[in-house]
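Dumping the structure here so I can ask a few things about it.
As written, the chains take the letters A, B, C and D, and residue 1 is the first residue of each chain.
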Amino acid sequence: MTATPTRGDKFSFGLWTVGYTGIDTFGGATQPALDVVEVVEKLDELGAYGLTFHDDDLFAFGSADAERQRQVDRLKGALKATGLAVPMVTTNLFSAPVFKDGGVTSNDRQVRRFALRKVLRNLDLAAELGAATFVLWGGREGAEYDAAKDVRAALERYREAMNLLAEYVTGKGYGIRFALEPKPNEPRGDILLPTLGHAIAFIGTLERPGLFGVNPEVGHEQMAGLNFTAGVAQALYCGKLFHIDLNGQRGVKYDQDLVFGHGDLQSAFSLVDLLEHGGPGGIPAYDGPRHFDYKPSRTEDAAGVWQSASANMRMYLLLRERAAAFRADPEVREALTAAGVTELATPTLDEGETYQDLLADRSAFEDFDTGAYYGAKGFGFVRLQQLATEHLIGARG
Amino acid sequence: MTATPTRGDKFSFGLWTVGYTGIDTFGGATQPALDVVEVVEKLDELGAYGLTFHDDDLFAFGSADAERQRQVDRLKGALKATGLAVPMVTTNLFSAPVFKDGGVTSNDRQVRRFALRKVLRNLDLAAELGAATFVLWGGREGAEYDAAKDVRAALERYREAMNLLAEYVTGKGYGIRFALEPKPNEPRGDILLPTLGHAIAFIGTLERPGLFGVNPEVGHEQMAGLNFTAGVAQALYCGKLFHIDLNGQRGVKYDQDLVFGHGDLQSAFSLVDLLEHGGPGGIPAYDGPRHFDYKPSRTEDAAGVWQSASANMRMYLLLRERAAAFRADPEVREALTAAGVTELATPTLDEGETYQDLLADRSAFEDFDTGAYYGAKGFGFVRLQQLATEHLIGARG
Amino acid sequence: MTATPTRGDKFSFGLWTVGYTGIDTFGGATQPALDVVEVVEKLDELGAYGLTFHDDDLFAFGSADAERQRQVDRLKGALKATGLAVPMVTTNLFSAPVFKDGGVTSNDRQVRRFALRKVLRNLDLAAELGAATFVLWGGREGAEYDAAKDVRAALERYREAMNLLAEYVTGKGYGIRFALEPKPNEPRGDILLPTLGHAIAFIGTLERPGLFGVNPEVGHEQMAGLNFTAGVAQALYCGKLFHIDLNGQRGVKYDQDLVFGHGDLQSAFSLVDLLEHGGPGGIPAYDGPRHFDYKPSRTEDAAGVWQSASANMRMYLLLRERAAAFRADPEVREALTAAGVTELATPTLDEGETYQDLLADRSAFEDFDTGAYYGAKGFGFVRLQQLATEHLIGARG
Amino acid sequence: MTATPTRGDKFSFGLWTVGYTGIDTFGGATQPALDVVEVVEKLDELGAYGLTFHDDDLFAFGSADAERQRQVDRLKGALKATGLAVPMVTTNLFSAPVFKDGGVTSNDRQVRRFALRKVLRNLDLAAELGAATFVLWGGREGAEYDAAKDVRAALERYREAMNLLAEYVTGKGYGIRFALEPKPNEPRGDILLPTLGHAIAFIGTLERPGLFGVNPEVGHEQMAGLNFTAGVAQALYCGKLFHIDLNGQRGVKYDQDLVFGHGDLQSAFSLVDLLEHGGPGGIPAYDGPRHFDYKPSRTEDAAGVWQSASANMRMYLLLRERAAAFRADPEVREALTAAGVTELATPTLDEGETYQDLLADRSAFEDFDTGAYYGAKGFGFVRLQQLATEHLIGARG
């Protein structure tokens, strides 16, 4: 059965995901915390290939060195025993009271310095564990009130911080790249770098932009009503898709972190299609970890937690099958051609054509029959969407 | 009275704004079209300094050359008679049937070539009229269905088009800069370059990025639930605020194009504060046109149209007064300092400080008292927001 | 093949749906208008059973009596020839300039009286054609500004109008019931009776509430981010689901009117499941017309229009198949039981139990082990959602 | 100074509001818990008249009777010492693990019975403290997945519960009325009775509907993009505004619970105008408590908490002043008349007019000049909105 995950599928999970205890703004924990060793063993059993974590997931904020090391050692032992990887590590700059106005852009300079130190320390651990990617989610970097944050100064501090981190991994020879994770709001009223577009624009201002990409999350872009697949395509176009957070969201509301595919299913399908078949010649457009950043519903018990972990992987694999069938269907190919989808790869200008040449081409303007587009020359997009949907729901062979 | 507009305030209006006839998806025109000469004269009378337009606003799509020239001449005559400027021109690539799948990213290559020609022609007119900025709103560049558009190919065609336009104005020596206008959706299900972040990220891929900036519109960013003032601040941070579209929007819904200030009032206040007092030392952070891209409500008659035009300017001026009082208030200054808003301008690192230095600073980590932030060290942001709101509603002196 | 529509499926279409010419706020028509006879013949050919229309769809606003009658006769001829029904009729109170502030709640009393007359006239036609349901969508009943509309007075006028209409059909013995169609906004900034909840609450104030129900539309409720299936369930619970508008919407944005199933697919699936299997013992919970109120994408030509019409029906039928398989799956039944979904039908109180009895039951409080719900007693909702999704995508047998 | 609160202003606060410790989904407490006695004394000092609370705010969930009584006695002592009232009490059915699938509509019958007992017990306390209103916010009554909840069964259980509660207060002679508090989502993916419309519709199904009204919350309705003022007006129209929760929200996103007026300011202004001047002849339309259900920002310390409490009251009072000036302005009155706002109070039908009479009135249809509404007969709504906004920002006298 192809819907059974294997390591080659590169599925990874955050320690905080299956480890979510159920605390939210309106209620307390419904689950006890999980031990990291149990998580590694269970993920291995379910077919995942990697575990990721925030420092504070592994050892409580403010842990003494010995306790920290003990937990690192336990993790290492479990990794060795199972063969699981740690492809990504990240730092928690949003839970402790000290970060109540953010970390690297807090209005309090002492906090900013502490935040940098906390990240640097965790970079060492990331390097030690062989993580290739370091994610930075600035969940508290933002404000509720416009007067409370000088956004340009904040971006300048953000930039200063990113430049320092890049200097550090370069100086240390760590071979780690950074992936910024955008989010529009929650837990702050507005968060800096609210979408992947804003994050890529920001990266363009950095001293070592090549070390920085994005880690877009399904739900985060959808919280702004944006098309996640289109956004990921732009990130790919810019060469900036360094990592990806898969989960589910049902529209513009609080961050739901549902299982991948349990939110906007049409979008999940087109995303898998893009990741798996979007490269030249239909090869995968992205070869990094398929990372699930979700929360088991607070209504579940331990069995439900692990069922939800499996559900993420199974949804991805099922959608991958459907996307493959979609791409292989001759009628789909014909419909894509009829709709001009493939033609868009053809440059608008002829090879070597200048603006002077274009201006001289009467067929492009003076003799072009714009009236022919009224009542005719339809694109057939609805038919295409119907074909896509039928493949998604397994209704075509 | 300071709330009376003068030319120095640099207020400009689109010809299509006061000229909106009231057509929408659910109803026909409630107003006759306005003549461009009348519009110029009336705007002059009301205190505006500039008019902007799409080609199709001035002369109908497909007009013969003579008709086109006649309208250009009439506009020129009115400009000369009044002294009004044309600071910006733009091209309509979204209304005619030929653009039903967009212009420069249509799946139909012939349409793309025609779209380019239409823009080039209008660039000549823009140059002739002395416009410094050319806006490009790709309202139909997008799709309803993920399968219908290869987003990476579309971005590549977008890029090709932008590069050609830049080549053209450079070759012609026009001294025109381009401002891309983002919008998340409507009239397409999803539009390419949905936010100002995505647009600036895209500009980073162009051959002549210096010729391109953004023209963010209040309502467009707010349709994605994004903080407009924060977005404009990022555009300023990137040196990309080439033009701005002011109007009003009441949340995540269809594009309302209300009068500026008749939508999210808190945001309008902080925006004017940023534009007028956000530069170093409190000078204006933006000195371009204050351009209103709004629609008179469809319920109005001719008198109401002009009242709505005036209302835009008056709202801007009133908010400018309140922002000035806010910035001048000693209690506000004290509160900004207490909240650390001003401290954020201080670099996180000492001058010349390296990561080695930072790592050696025990006060930054080992000796830093993170516990002190629990139950104390409040930022006073609510007090600041209250002060801002009281200034906004004229409740402090 | 079960996905081929037949009359027994009770699929109906608005004349304005396939007849949409493509006009929206940003562009003109891309399609010529369709003739009603052609529409009837084509719908018949495709397997629909009914046509619905606004008066102004059939004969232009302000048509002379002769022209009106000519069109009515042509429609009747086509109905007779094909056997198609007219299960529903509605009145356009939103397109003409006279309705710019609405119809029955316009601030202009003359308009209100005219609106009533227009509805009364169309009620006669509805009765003549045998329509059982008369839909009222108050698309312009609303305001952009709070000061512009006294909402309580508007509701009182709305009520007055509804009471008159009920008096009319009663007096005439028409046997017609009214279905109010809620929408939160667009084309007005805010529309009265924005959700099906508000509409049912309003119906409770009418003189003849039994004659009034709702006509909820997929996209309208989803424009407010509301769960459409849950809303329809509440309408059914109140006995108020008189009619239903099926289409597709992709989140909180402008009204998209996509093909049914081309929007939120998870919601479309659960809706069909509710309509078809939600009644006692799994019988249909709704037996009225499955009415498509959608728009063919503006990018299509005539062939695309009819493909889109077929796509609506095919999506419904495919989802009906999947819902049937979901309900028949023993594992699903087991999971529903495990999750307590079926138990919710059991009253909370024992038969005849009073509050005194409940207070005396120590097992309900004093001896109840609330702690047992921590870390255990999971509901298994994620597993259930995974099963539902797998059925939706045809991944289980 | 009129912006100083007095008891006559009837401002009340939830114990959980100023007592918010800062826990949210992404971070822990930033503030210690406050003692109820301190809260009562401080609110008294600041000018509030009432305190409200959930049972679990006063004594921890599962408290032994002695501890519970101790806290009740301490509260009573503080009330006696200060003269503060407890106008409203509510029950927490959403924080403890036992309520992870809700209380009165949990799929687990034992939970439903426990929930009822918990409410009954708290009703006794409410009665003992003289509360006139008992609020029911069913924050966990809902689901993330459509398959997980039989909505009609859930509504039937909800109804059963409400009927029991009504029976109880009637039997006990408590003189308490219930106010249902709607919310569209968060902490559940979708919550039952998502808007005030749905809640009022539901009330219509109860055995004693007169005992039930709504407690709409600013932010809850705005999370669905709905116009709060219009919704409150409908609640008033139905005689169902039993209580109100004032706070601030910035659009469709997570529940922000900002200070009243720190969210959508235009809406806050029109709301105060409605409450204070919306009754016949301009008298208050609502005379119950002005209850603040907000959260001090998590960035604040103790001083900031109390400043935020004061800010709520001050905003209300300042907006009340501005609304009074708006209503008193002769130009506003003239503009309201010109816009037909006042005319809407005039019935559409003449006194005693029947539909036969209306049909006989040729001026209503045959002779009515609908063409006169094209290009003329504007409503002047933009002018009105400008006048309202100028009053709001203190720009007129």
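Definition applied: a contact is a pair of C-beta atoms (placed from the backbone, for glycine too) under 8 Å apart; a residue touches a chain by one contact, two chains touch by 3 or more.
Note that the structure is a prediction, hence the values are computed from the model and not measured.
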| Which neighbours do subunit B and subunit D have in common? | A, C
| Counting C-beta pairs in contact, does C-D beat B-C or the other way around? | C-D
| field | Euclidean distance of C-alpha centroids - subunit C vs subunit D, Å | value | 29
| task | Please work out the Cα centroid separation of subunit B and subunit C, and write it as a whole number of Å. | result | 38
| Residues of subunit A whose C-beta touches two or more other chains | 29-30, 96-97, 100-101, 144-145, 184-185, 189, 223, 225, 250, 252-253, 262, 266, 297, 299, 373-375, 377, 379, 381-382, 385
| field | Of subunit D, residues touching subunit A in the complex | value | 22-30, 94-97, 99-101, 139-140, 144-145, 184-187, 189, 223, 250, 252-256, 258, 262, 297-299
| request: In the complex, go through subunit B and note every residue touching subunit D. | output: 3, 29-32, 222, 225, 250-253, 259, 261-266, 296-297, 299-304, 307-308, 311, 314-315, 318-319, 322, 373-383, 385-386, 389-390, 392-395
| request: Using the touch rule from the top, collect the residues of subunit D that touch subunit C in their complex. | output: 61-62, 96-98, 100-101, 104-114, 116-118, 120-121, 143-157, 160-161, 164, 167-168, 171, 184-185, 189-190, 192-202, 204-205, 223-227, 229-231, 233-234, 236-238, 252, 266-267, 270, 273-274, 278, 336, 339-349, 354-355, 358-359, 361, 364-365, 368, 370-371, 373-375, 377, 379, 381-382, 384-385, 387-388
